[in-house]
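Each chain carries a letter (A, B and C) given by its place in the written order, and its residues are counted from 1.
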Amino acid sequence: MKLSELATAIGGELLGNGDIEISSVASLEDAESGDISYLALHSYSELANQTKASALISHSRVKNCQAAQILCNDPYLGFAKAMRIIYPALKPSGKISGKAEINDATIGDGSQVDSFAFIGNEVTIGKNCHIYPHAYIGNKVQIGDNCIVHSHVSIREECTIGNRVILQNGCRIGSDGYGFAKEKGKHLKIPQVGNVIIGDDVEIGANCCIDRSTLSSTIIGNGTKLDNLVQVGHNVTVGENSLLVAQVGIAGSSKIGNRVTLAGQVGVSGHLTIGDGATIGGKSGVTKDIPAETVYTGYPAIPYSSWTKLQHMMAQMLEKQEEE
Amino acid sequence: MKLSELATAIGGELLGNGDIEISSVASLEDAESGDISYLALHSYSELANQTKASALISHSRVKNCQAAQILCNDPYLGFAKAMRIIYPALKPSGKISGKAEINDATIGDGSQVDSFAFIGNEVTIGKNCHIYPHAYIGNKVQIGDNCIVHSHVSIREECTIGNRVILQNGCRIGSDGYGFAKEKGKHLKIPQVGNVIIGDDVEIGANCCIDRSTLSSTIIGNGTKLDNLVQVGHNVTVGENSLLVAQVGIAGSSKIGNRVTLAGQVGVSGHLTIGDGATIGGKSGVTKDIPAETVYTGYPAIPYSSWTKLQHMMAQMLEKQEEE
Amino acid sequence: MKLSELATAIGGELLGNGDIEISSVASLEDAESGDISYLALHSYSELANQTKASALISHSRVKNCQAAQILCNDPYLGFAKAMRIIYPALKPSGKISGKAEINDATIGDGSQVDSFAFIGNEVTIGKNCHIYPHAYIGNKVQIGDNCIVHSHVSIREECTIGNRVILQNGCRIGSDGYGFAKEKGKHLKIPQVGNVIIGDDVEIGANCCIDRSTLSSTIIGNGTKLDNLVQVGHNVTVGENSLLVAQVGIAGSSKIGNRVTLAGQVGVSGHLTIGDGATIGGKSGVTKDIPAETVYTGYPAIPYSSWTKLQHMMAQMLEKQEEE
């Protein structure tokens, strides 16, 4: 692809020779001729001067840089767009393997089902989906269009998956919620007869677990992205365009808003509400409701500004004692 | 089912019309005619007055409530019992799929084995079990009666599973313990030749890992329930009727007693003992033995009362500094 | 095997009757006649006096012990070597199951592929490997010699696995990295077109997730051992002979050195460097670079000596307040 075409496609301003052919993307250090690279932070501008990349996506003109440039207000977004153009997603083959087991299911045009995939009864799968080997799709599951279900994914009975959803390897959708009532010192299992509803444009990371609701639905809203090994308890609602980073755990019945970020290894207790736009720092433990548009950190989680003060105080106490 | 029959079955006292037909269970908010709901906490009694449920399980008579009522000393237990009656567990079909691979195994009457399940040599499976697609059952595994082995579960060689055990999707029973000896800066693998023994009425959550013992057995006692993504190291013993909430990790050779609760994301170091009836608060790190019938929290875990005092002191210090 | 032969094989000094036949290894408590046991810590010498084991591996002569002895400078290493001799790894059968699906792949002599394993196109697998049921091996994957790929492992397209690698059940190699660019409040997926490279003699625990790099490679160095449920983000490099204990999480682009130990549930933020030989205490959160050959603990992680002082100060403060 010509650099000038790429510049237009990602909405950037071209500096230099637009006739260069770009075939791949590489980091500033690894790039060779024919590659485009990007400069997200100005601290790397030294690297940009040494790169062998043929072209560079950057925020503003890099002096002394040999490469042609595409200037973008948000070079990381420009990089993302270039990646999507140069490495388009594979189109499903439309083939249904004879070694898959497909029971009473409706599968849309263009969808591919690989060997050893299991699809139950009363299942609906939309168009242009790719169901990889060893995927398990239980009875009465509904899957929209253009979804990718990677190998070893389980989608249990009656769950619903939107459009353009990506389920990474080994994630569990609709396993039983953790619900027991105590009777004479023993734990009596409460049947978990609800389901999981996953919206459009959601990605669920590898080996995540999203439990089915006891009675109604555990919900993951449109555009929300889960990293790997995330635990979502039963009856939880996660809003739209939120980010749940790796190893986050959310206990039952909590409500996570829209545009929320839970950083890695955060834990959220049950029956809480985290407001829209809130950010929780890594490894924090949330034990109370969190107001919208705030940043909380620590265990128990407190406002980030208080947490940094507390850290500072403890550092001072420590310093003082070490002086004595 | 008639409400009067349900009241008798769950051992509650009927208030109102016992001839109402109950077909499903729903939350107070979602309930419609024909549903039964429950009122676990009095704080929701407002909701109870507005519910469209035909009947309500509660601790005591709710004034102004239109619905019929079943009074139970423990309404949550009553709800659990009603759920179990209205949503009985599916009975296995007794069919062995021709697309499963079953080697030299003995499978009891009424058990169902689905396509793509793999069952090794010298395996014994009891009556009325359901082995879902893609389950892996290694050589010399023994499984009792009435067990559910969901899709993508691995049960490695020589492990033993009791009766009425539920293994949620993707849990790993008997993967190798993490055992290495250091030799000239390298880590020499120690063969892990023990097994895992799981008692009766145990539930193991999705994507949990329970490692086989080096020499003897890693043990999960009767009635213990593991939530999702729990890690149990080799040679660990967990007692009876304990609760291990999501993302808990227990390092090798520790002994967890009976009736213990480890809340979400708790970590327990190796070679420790947690006494019967102990409760460890969420996200705590246990670095010493914990006495029976106590509550510990924090990292390192300390008695809960001390932990709350410490939190209070830190909050005061912070407040003082913020005033200055 | 004769005890004298075993003593020679593990490089220890024989005390007592070398003609004893040793058939298995057991703990001091469980051992019976014909067993060899080991005494790693002198605190257990009481147990050694009571053991029924026929022989004992220990550091120095145990007085009043009936069993024959093998003296080793490092008895734990001696035990490891004895385990490896008495319980040698199973040799793969060399059989390729007709119920596996093998596309255009080259498989070395002596390798075993079990039923329901899926092997894609342009795959190379070396000699004497064992690919268990339900393993998924994507297109263009390369696997060296003498590897074990347990059931339910996913190895995604283009990843490379060295020699003598053990992949425990359900680990995910090469799932997509967590990379998104923000555009008008939504998260645009960045294609993850790199791969994962795993060196020689690596072990990856059950249900671990190692994400593929965005552009180049996520790397696990020779001899490094991962426990279960570990998360390794995209573009991470882990050096040689490091130990990543259960439930550790490493965010994207961090560099972990050689001989590093990350204890259980440690979290490492993105774009950090942990120097060679560093040890991070359990449950710590690493938010800054860590110098080589140091020990850090806490969240945020600080030098271990400072952390213990801080714990001591807090304990004193608490004690003082409890006295008041």
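Definition applied: contacts are C-beta pairs under 8 Å (C-beta built on N, C-alpha and C of every residue); 3 or more make two chains touch, one makes a residue touch a chain.
In this text the structure is predicted, and so the values were computed from the model without any measurement.
Undergrad: On C-alpha atoms alone, could you tell me the rotation angle mapping chain A onto chain C? Nearest 5 degrees is fine.
TA: Nearest-5 rotation angle for the superposition: 120 degrees.
Undergrad: Same or different: do the copies chain B and chain C touch each other through matching residue numbers, with over half of them shared?
TA: different
Undergrad: I'd like to verify one number: the distance from the centre of chain B to the centre of chain C, where each centre is the average of its C-alpha atoms, in whole angstrom.
TA: That pair's centroid distance is 27 Å.
Undergrad: Among the residues of chain B, which are close enough to touch at least two other chains?
TA: Touching at least two other chains: 116, 134, 152, 170, 207, 229, 247, 265.
Undergrad: Can you list the chain B residues touching chain C in their complex?
TA: 101, 116, 118, 134, 136, 152, 154, 156, 170, 172, 175-176, 178, 180-183, 185-191, 193, 207, 209, 211, 214-216, 229, 231, 233, 247, 249, 251, 265, 267, 269, 285, 287, 299-300, 306, 309-310, 313
Undergrad: For a test of understanding, state which residues of chain C touch chain B in their complex under the given definition.
TA: Those in contact with chain B are residues 25-27, 30, 74, 76-77, 79-81, 83-84, 87, 89, 99, 114-116, 132-134, 150-152, 166, 168-170, 201, 203, 205-207, 223, 225, 227-229, 241, 243, 245-247, 259, 264-265, 282-283, 311, 314, 317-318, 321-322.
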